């Protein structure tokens, strides 16, 4: 595991699994977003507060995932989140989904753009610094 | 089928089914709400417009369901929605989930209360009339 | 809080909230089931193992919830699960959803029936004992 | 619209929208999969039958999406599905999410690998032909 990764854990629930008994692919993104939301709160930028204040939103403009091994119902999963790139008006996050045995089950990436009521905008300096600080360790 | 029922159809999708191969119980409520949303739009009270205007909201204060037979992945389902009761400040809806062979797989009920930014309020007269008009046929 | 309650915690995620900014009612049942799944694993009856072995399933035959206060995006929630009744071939669970300030936001109830490949069956004695042991403290 | 596209329609439901009032990004993949499931049934390869027979599964090994415009609660959306590539043991599907005004809100891509109980396998000839037949028109 990278030193700079933020860890988020979950267990594949009955409702996460589909009729084939494995994590439905779209739910991987839901869990990635849970990791992202927990990480943003940890950094001091809780999404719920930001949404309520309405000054800054960070919608996804891209998402992707590669599935290597099925994640079965009941599997304990560690999501490792790391910032992959920080731009002037967007940032990119990488996710690794690992099982308890250390196996890599999936990877994912999300790209977030900063917007406000006027359209695209720059990332706030404090958020940019927080993201870059994580980036330093990668 | 009752004359007064509003029909909404869906097929049990891969993501609706859980690891046991049958509709996850909580997703029944999601489909009930899809029926409700389609019906409200049909009545002339689309939820999205009401939410955007912000004058009236109809949050659920109660929900329940009885599950009689499993709904398997791929099953074609007809949801029949009927108003069960219309009060001054709330209304109750009943749902029957039937399969193509006419079998009754589940029933559900939701109770909706009218609120605005000041708290509980009366149902708008037009909505009340629309609900009662359906009720007449039951 | 009851002495006999099993606690499960979650935070209302962005995807839990609907366009009105509050927990979508059907997702309350998903969180109730997460509490149930964690509790069953704690009792020694993990659902995933039971499903794979295929000898016993405990599908829901009834579910209901009462919603008292909206649960907003970001809210920290404690689910308290207690067995309400244990029968020969079914059992009933109660859930209380409390916010960090001690307020009761919602209650829910689920009824589970024991089945195997031959149809309805008795609860295994060990599970029945585990359920009754919790019941004793209520 | 391409001649060869398979069309699937949906409306952004209350539960599809997040606290920001727009389609939660992961739910786009759920709708893409609904389009895929409807298309496979149309082609004569219903996923539920294939899963029950257990001879062939087509799990996703990759998924990605680009989000251009928010899809608001209530929006009517047309998903256009087209096969982008057909290989010996996998195939790639493209999705375009268009709103009623003809605007392109998002695109997505999924890659599916053929497996059976022994591991990776070739696509069945009939499925391969059905996929290529659509490909011809692109």
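Think of it as A, B, C and D in the order they're written, each chain with its own count starting at 1.
Here is the rule we go by: a residue touches a chain if its C-beta (ideal position, glycine included) is under 8 Å from a C-beta of that chain, and two chains touch if they have at least 3 such contacts.
Quick caveat: nothing in here was measured; it's all calculated off a predicted structure.
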B-D compared against B-C, more contacting pairs: B-C
Farthest chain (mean CA position) relative to chain A: B
Rounded Å distance, chain B centre to chain D centre (Cα mean): 28
Centroid distance [mean C-alpha coordinates] between chain B and chain A, Å: 34
Centre-of-Cα separation between chain C and chain B, whole angstrom: 23
Where chain B touches two or more other chains, by residue: 14-15, 19-21, 24, 26-27, 30, 33, 48, 51, 73
For the chain D and chain B complex, residues of the former touching the latter: 11-15, 21, 30, 33-34, 37-38, 46-49, 51, 72-74
Residue ranges of chain D in contact with chain A within the complex: 19-20, 22, 24-27, 29-30, 33, 48, 51, 57, 59-68, 70, 110
Interfacial residue positions of chain C with respect to chain D in the complex: 14-15, 17-21, 24, 26-27, 73
